[in-house]
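Please see the structure below; I have some questions.
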Amino acid sequence: MAVKPVPGAVDAQAFYAGLDRFNVRPLWRQPGLLPDEPQSKASPHVWRYQELREQLLRAGAVIDAEEAERRVLMLVNPGLDGLAAATANLYAGLQLVLPGEVAPAHRHAASALRFVIEGSGAYTAVNGERQIMEPGDLVLTPNWAWHDHGNESDGPMIWLDGLDLPMINSLEANFFDRSSESSQELTRPDNASRHLYTGRLSPTWETWSEPYSPVFGYPWAETERALDDLAATGVGSATDGVLLEYINPRTGGPVLPTLGCRIQSLSPGRHTAAHRHTASAVYHVVRGRGASVVGGETLEWRQHDTFAVPGWAVHEHVNGSDDDVAVLFSFTDEPVLRALGYLREETAERQT
Amino acid sequence: MAVKPVPGAVDAQAFYAGLDRFNVRPLWRQPGLLPDEPQSKASPHVWRYQELREQLLRAGAVIDAEEAERRVLMLVNPGLDGLAAATANLYAGLQLVLPGEVAPAHRHAASALRFVIEGSGAYTAVNGERQIMEPGDLVLTPNWAWHDHGNESDGPMIWLDGLDLPMINSLEANFFDRSSESSQELTRPDNASRHLYTGRLSPTWETWSEPYSPVFGYPWAETERALDDLAATGVGSATDGVLLEYINPRTGGPVLPTLGCRIQSLSPGRHTAAHRHTASAVYHVVRGRGASVVGGETLEWRQHDTFAVPGWAVHEHVNGSDDDVAVLFSFTDEPVLRALGYLREETAERQT
Amino acid sequence: MAVKPVPGAVDAQAFYAGLDRFNVRPLWRQPGLLPDEPQSKASPHVWRYQELREQLLRAGAVIDAEEAERRVLMLVNPGLDGLAAATANLYAGLQLVLPGEVAPAHRHAASALRFVIEGSGAYTAVNGERQIMEPGDLVLTPNWAWHDHGNESDGPMIWLDGLDLPMINSLEANFFDRSSESSQELTRPDNASRHLYTGRLSPTWETWSEPYSPVFGYPWAETERALDDLAATGVGSATDGVLLEYINPRTGGPVLPTLGCRIQSLSPGRHTAAHRHTASAVYHVVRGRGASVVGGETLEWRQHDTFAVPGWAVHEHVNGSDDDVAVLFSFTDEPVLRALGYLREETAERQT
Amino acid sequence: MAVKPVPGAVDAQAFYAGLDRFNVRPLWRQPGLLPDEPQSKASPHVWRYQELREQLLRAGAVIDAEEAERRVLMLVNPGLDGLAAATANLYAGLQLVLPGEVAPAHRHAASALRFVIEGSGAYTAVNGERQIMEPGDLVLTPNWAWHDHGNESDGPMIWLDGLDLPMINSLEANFFDRSSESSQELTRPDNASRHLYTGRLSPTWETWSEPYSPVFGYPWAETERALDDLAATGVGSATDGVLLEYINPRTGGPVLPTLGCRIQSLSPGRHTAAHRHTASAVYHVVRGRGASVVGGETLEWRQHDTFAVPGWAVHEHVNGSDDDVAVLFSFTDEPVLRALGYLREETAERQT
């Protein structure tokens, strides 16, 4: 082998121009391949419920019956070049289901969740059981689980959809399957799974080998009671107040292998300490009003707004009321970053 | 709430045109967001060593000393729009280090491996110990571990670099750090970790909490002996022949949390059964010649060639010799897909 | 080496007699060292609450103040030669605490639980928080956790103690430590842990590395509601009806590493299928009356009775009422047998 | 309920005398149920190979053919009241198999290991493959795995048996099963498992769900090389020198769920620091001479001797030679104590 290349013996321009046909590129001319730290392409952003709700209702007037199955306004982060993504890894959308509408059974490899914003009594059927949906309920439609939904109530139903779509699509691992049946066969009573697994007690006769929670619905009444029980005790973290993780009762871990779900309360007037982590999150305001300072930008929010906190963006939350608790639901890609050894967190200087 | 939108009451065109300013998009007009199955943007592709080696040597003549630290030709998959990626999730590159050259210590969140192609006696230092590199050796430079290298031999050294860069960059979780020292302090004898952990025996006095293997070098002499011991016994899988996974002795799992490494032998004349899986892989031909049929395309390969098998592409391997074993090294994103619940595999019809 | 011993060259009797001084024994003369299957030394047995309660109260009249800290009648299995054990591996006792009495803080390596039979309002303090005890509550005093108790109510308190004492003593791994303080410092509100971990929700700011549940009290009100929710649905196992395991919310597994705790309801008239398993159990009748057939022996039981089912004993349960549900609490060594690879179960012919 | 027992109202003697018929006992009169720390009933003890070897050979002359299958001298700890146990939880025995002898296939729930002392070329067949036995080899006959052995060599074979018998019998979980076939069918080549799993490499096509190692034989040649590689480097622990654990390549943990196996070298003249732990161990001297001070007692040992270190006994090891390394094999119940949360260790003052 010629171990001593003679500098100048090769014409540089010709050399670089010729590399393309070998499908290679010189690393030494690729700055930025290894950034010092993540600089998310996603922007801190808030979507106003008041605006989106109006558009959702208008959508009802412009789309036909079949399209109505997917009457979802996808939240598109302004930094992500039109990608259907709220943060680099997370998808969010607002879905409206009108009385009498149904969506046929389907499933996908992507993991999904629904957090109910408005309406009462519609259902999502998952794995043979219907979750009757009330405001504040969290419903899971996990990885490859059949699901369909319908609104048998006499009012409209609006929920927030959360998925790991950007990530699973980037990993090129998504699948989709539509059932030949319009709705799946129901094999268990409504809300059965939440009674089988209370969290404190698990059925000894059920085996479970899926990577996701066997509980498909987490009712708001319980969630609220848990928040109330803790509110007065002063517990919580400096950066997040009372931040509780929804749990897979089979593992004690997150409810979905790729998405963690959380509920959080900020006491009146609370301004949390700043920090950042590689995980990104989509927040939904269940109750209250306030602001989050994210990457130097102040996102003001009120009830039912949704906002995005990109990965590695410094952020802090402020409850804007001196009288009332603010409650935030959020979902995050933290389980992914943790599983792959990529989770990193650090405290930061307050930005305001 | 107006629960009965009147069809036609809203002008559709105006409606759609107006959505952009709310940073939302209608899901019902987004076909392909949920594909029936993965359709990788990456192409099946083979990079010829004979060609690349020549270019690598020419590179020596056109770049200066500082650039020489990163004298790597990145393998760019023709389907991936110029992304520095061999498959959607995997990076591969060929690096040349000439006698006397050193690369200063640095570390990155991305996980990396080196598989030695040519040369003998250069070193990669990781976590305080030097791995002396011989052809066929696998060397790990894991997630956030300091590493530097140098060639103290009198011949050139060429190795294959493998990283999870496309994935970690897509997840926006990469970090990079350059040491103020040109090379790290050596705290253990050369090749120490491979003696501390033989695989059959582990040191009781060492604690280990990293998610990657405590062994930083897997010597070829051992790997070859393992293949030889099994070659005659007829064991192996229909789809892959004798396919062995390099193991983290602390867990029995893959050596890196995001990358699995494998060595594989195909007996003379062997044509494996076809299958596909969501995991993608980069293969390197250690010995022999043959072909792999990938997604309907035949990739002919000979010693030291590198080829890419995209995720979910049907593939089968053919040893082109009736006399000699063919040996393939490969690395894969399978650990990621498994950890996230995205791994899927199925057998397929043979394509040829 | 003399490879051909000459039969008869050695006097057998002298040989055997001489072995003792070398501290060896001939395996070939040790029948029964490896039994075909377990034959528990423990007997199926029921302890009548009516009788024991009377003795407990009489105990109050014969013991002094210091002894009163340990006013426990240990349930001694008649088959176990006076060992303080209800089954080979499990200890059970009935404890009476009178108004005003306190027990000073102590801890032990053995894992322990308390199931409240009578009385209301006494406390067990564990790890800095008091569990206020009501009938049907399960309270944990885990491995090496400081605990003390007191009865500040105006009535007596009786509970069932369950421990892994026979096992840990046999393994020679028990430790005991008495605090210099009569009671431990309280660092959290009463019942705090049950609010921090509802089972469905876990605090993100709490780290936990103990092998036992971070919840020290499982209130009866919740347990009863869970049973009620499931009673009407017809779920459950053939051998055990609705049998629910108390869960460590950090792992989804048993509450203590060595003891599993369960609550079980048998519908009116239910006669379960027979089975046996290497795990043994101590049952306590929370409500109802009936019988269990254990190893061919019929154990009639009524409310508050306690009975032992030895390991590998065939057993089946009968609710003796055609109108009312029967509810059984039990604790078992199943987690131990499972962890060691010793758990085995099989169905059996009904014995009656 | 009578909440105020009147002291003296009950005759104490009559009370205590009457408790037996209720199968209860007063805890307050049971000192020692909860000891401050473990006080093993087992004694520190050494069994001399020279003596035992002679007795084993004599045994050949006194027992008949059928008994010869079990020609084992069990090591009986003098403190354990004649129990077939070397420590409270561990069984050890020396087995002699003469040329031409075979033992029919059987299996037991108890986990077992064999460490070869003398002889070459006999086999133990496990799970369809024969382990050809050489001095220093470790052979596993795990939980419920069929095994049989035979000596087809022309010399006698002596090995050390190690089992978890005292523990599994105390837990009442042992089973035994004798095959109708005198030897099991061989489905794999001799020593196959050690080639399938080198420790560094594992077969991707093999699934494995047993709790024990898929490798049934750990050859001495490898073990010795590992010790030699480390001997000169000065690594190791203060209390144990170079102490290596035999590894289950599927988990990185101990080879059997209840027994850990270790090899250890003490450099010339080495006197280790003292410590104690709840785990007990049986040591076998592979090479060298020296002494271990255990619980204040000095156990002198030389090649092939076996000695017992009871749980929680302070111990330290001394290599009696200033020129040669001493090598000790040991097996321990540590995996059990760790799994149950009972493992505790502390350093101690040197005893000599």
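So that you can tell them apart, the chains are marked A, B, C and D in the order they are listed, and the count of residues begins at 1 in each.
Rule of thumb we're sticking to: a contact is a pair of C-beta atoms (placed from the backbone, for glycine too) under 8 Å apart; a residue touches a chain by one contact, two chains touch by 3 or more.
Just so it is clear, the model here is predicted, and its values are computed rather than measured.
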item	value
Smallest number of contact steps required from chain B to reach chain C	2
Relative to chain B, chain with the most remote C-alpha centre	C
Whole-Å gap separating chain B and chain D, where each centre is the average of the chain's CA atoms	43
Averaged-CA centre spacing for the pair chain D and chain A, given as whole angstrom	52
Where chain A and chain B are represented by their mean Cα positions, the distance between them in whole Å	29
Chain A, residues touching no fewer than two other chains	none
Complete list of chain pairs which touch one another	A-B, A-C, B-D, C-D
For the chain A and chain B complex, residues of the former touching the latter	1-12, 15-16, 18-19, 22-28, 30, 33-42, 45, 47-48, 51-52, 55, 57-64, 67-78, 82, 84, 88-89, 93-94, 98-99, 108-111, 118, 143, 154-156, 165, 167-177, 211-212, 257-258, 278, 280, 310-312, 333, 336-337, 339-342, 344
Chain C residues touching chain A - in the complex, by the definition given at the top	189, 192, 195-196, 198-205, 215, 218, 222-223, 225-226, 229-230, 233, 235-237, 240, 242-252, 262-263
